[in-house]
Amino acid sequence: MTVASDMLDASPVPIEFGVEAVAAAIEACMVSAQACTSCANSSLAEDDVAMMRRCIALCDDCADICTTTLRVLSRPFEADRVITHRMLGACVRMCSDCAEECERHAAHHRHCAICAKACRACARACGELLEAEAFQELEKLAGG
Amino acid sequence: MTVASDMLDASPVPIEFGVEAVAAAIEACMVSAQACTSCANSSLAEDDVAMMRRCIALCDDCADICTTTLRVLSRPFEADRVITHRMLGACVRMCSDCAEECERHAAHHRHCAICAKACRACARACGELLEAEAFQELEKLAGG
Amino acid sequence: MTVASDMLDASPVPIEFGVEAVAAAIEACMVSAQACTSCANSSLAEDDVAMMRRCIALCDDCADICTTTLRVLSRPFEADRVITHRMLGACVRMCSDCAEECERHAAHHRHCAICAKACRACARACGELLEAEAFQELEKLAGG
Amino acid sequence: MTVASDMLDASPVPIEFGVEAVAAAIEACMVSAQACTSCANSSLAEDDVAMMRRCIALCDDCADICTTTLRVLSRPFEADRVITHRMLGACVRMCSDCAEECERHAAHHRHCAICAKACRACARACGELLEAEAFQELEKLAGG
């Protein structure tokens, strides 16, 4: 059990999409935010910095969006589902963009290879929360 | 001319929805993020803290979402319009929720009255960017 | 009266170094954090990006440190003076470093000229809070 | 090997106090920042919220300071040792304060017990970096 899942489990507020799924998204955001912060700084120090501009710009936004997404997910009390939905949507798209760009540099910069993997994992974990939410909506419509 | 608009104007990257509209949204996010951070802390110190819980929880999320929105808007280079759209959508909803809650306490807590106004202004400025974007899409569809 | 000073003034908690001095530091941090975020992104888009590496790296740290400093200053309730002191110390040094580097590029990049000015103003406003604190300590020692 | 240590190891910049020690501090900050964000929100939802005010206020500052500290540590390129020192100093003090307060509520709120542990671990990991730095300074003075 990780600290994030343990913390959600100890919350007096019920966790709508399940402690494990939300904790997985929080942890993926934590790892991705750190990897992007580090990757932007490493890319800046590379000889081919002119080729790394897009990577750096995307990593900057990705670190911020992942950090805010994990904070919003860590605050279930009085949370608004529409806001969570929009933040997850921004995060999935951002991580996918960033992963795609980092993959282009993965062969020559190991930090990009690691960062791309972290961003893919984050897009997946946040995407799974969006799917769980969509499924729940469908069940409601079906009178479930 | 404010520093935010001056900075956008000095960017080598063209500002899609116009320097003034984007700068207005950035500045509204700056003010709203600070007001929410302050309002959450002041509410915590009030005698009726038990009545202020929802206000504090919303202010916490609102401060983070406004901060990330202003950072994303401050980085036009290599920006992805879909991500900007989703962050603005999260920000408008968050600021509207937060303003509505703060307005309920505005008569007895002046910090809530000021914070509600800052959140309303931010929802408006970010909403105007979303409208400018929707209008541009329509023009494209119309072959404009 | 600005929103930041109005918010501090509406806080149920007394503001140790005076509403105006603390509000001035908060606002200078807000402006500097935004200018640094913008300057890093603009520098990334410049043709001479290889010459702008140090500027970008410092702006990245400066934006984060200014944002956290303004948040800490916006939360007087239960604030610990030693922590405020250390954050102000980090912020003054960071803004001075960043201003110095941006000044080196000010003649050919207008965003660096504006950013340098914002960082200098922030170093000054936060430095004045540190001086007010030092003066208060001296007065205590003198039995004042 | 964790993602944070892997990222530092892949950086083109040498890591002054060693990849393992810096990665340990970064990871401790990641866990502590998330735990504090979660603990503030859970405390807000508790029946005894009036008793939890100081805990919430400290957790709010602690989450921000840990986030900025981990970002600064994740950017070794062009890093200024004095700034790193001051951020670590703010972080150690903040985490110690926060842990102490959370420990007072640990018996009746499990989220406080977990959060206190995360803060203690972060104070320790950041404190070890400060000691490594002090030791290096001593060695220099001794002509080592």
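Letters A, B, C and D name the chains as they come in the text, with residue numbers starting at 1 for each one.
Throughout what follows, a contact is a pair of C-beta atoms (placed from the backbone, for glycine too) under 8 Å apart; a residue touches a chain by one contact, two chains touch by 3 or more.
Note that the structure is predicted; figures quoted are calculated from it, not measured.
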Select the chain at the greatest separation from subunit D, using centres from the mean of Cα atoms.
B
Check: chain pair from A-C, B-C or A-D whose contacts match over half of those in B-D is A-C
How many angstrom lie between the CA centroids of subunit A and subunit B, rounded to a whole number?
21
What's the distance between the Cα centroids of subunit A and subunit C, rounded to whole Å?
29
Among all residues of subunit A, which ones touch two or more of the remaining chains?
40-41, 44-45, 53, 57, 60, 67, 71, 75, 77
Of all residues in subunit A, which touch subunit C in the complex?
40-41, 44-45, 49-50, 53, 56-57, 60
As the complex stands, subunit C meets subunit D at residues 53-54, 57-58, 60-61, 64-65, 67-68, 71-72, 75, 77-80, 82-83, 86-87, 89-90, 93-94, 97
Residue set of subunit C touching subunit B in the complex reads 3-4, 6-8, 10-13, 26, 30-31, 34-35, 37-42, 44-46, 63, 67, 70-71, 74-77, 109-111, 114-115, 118
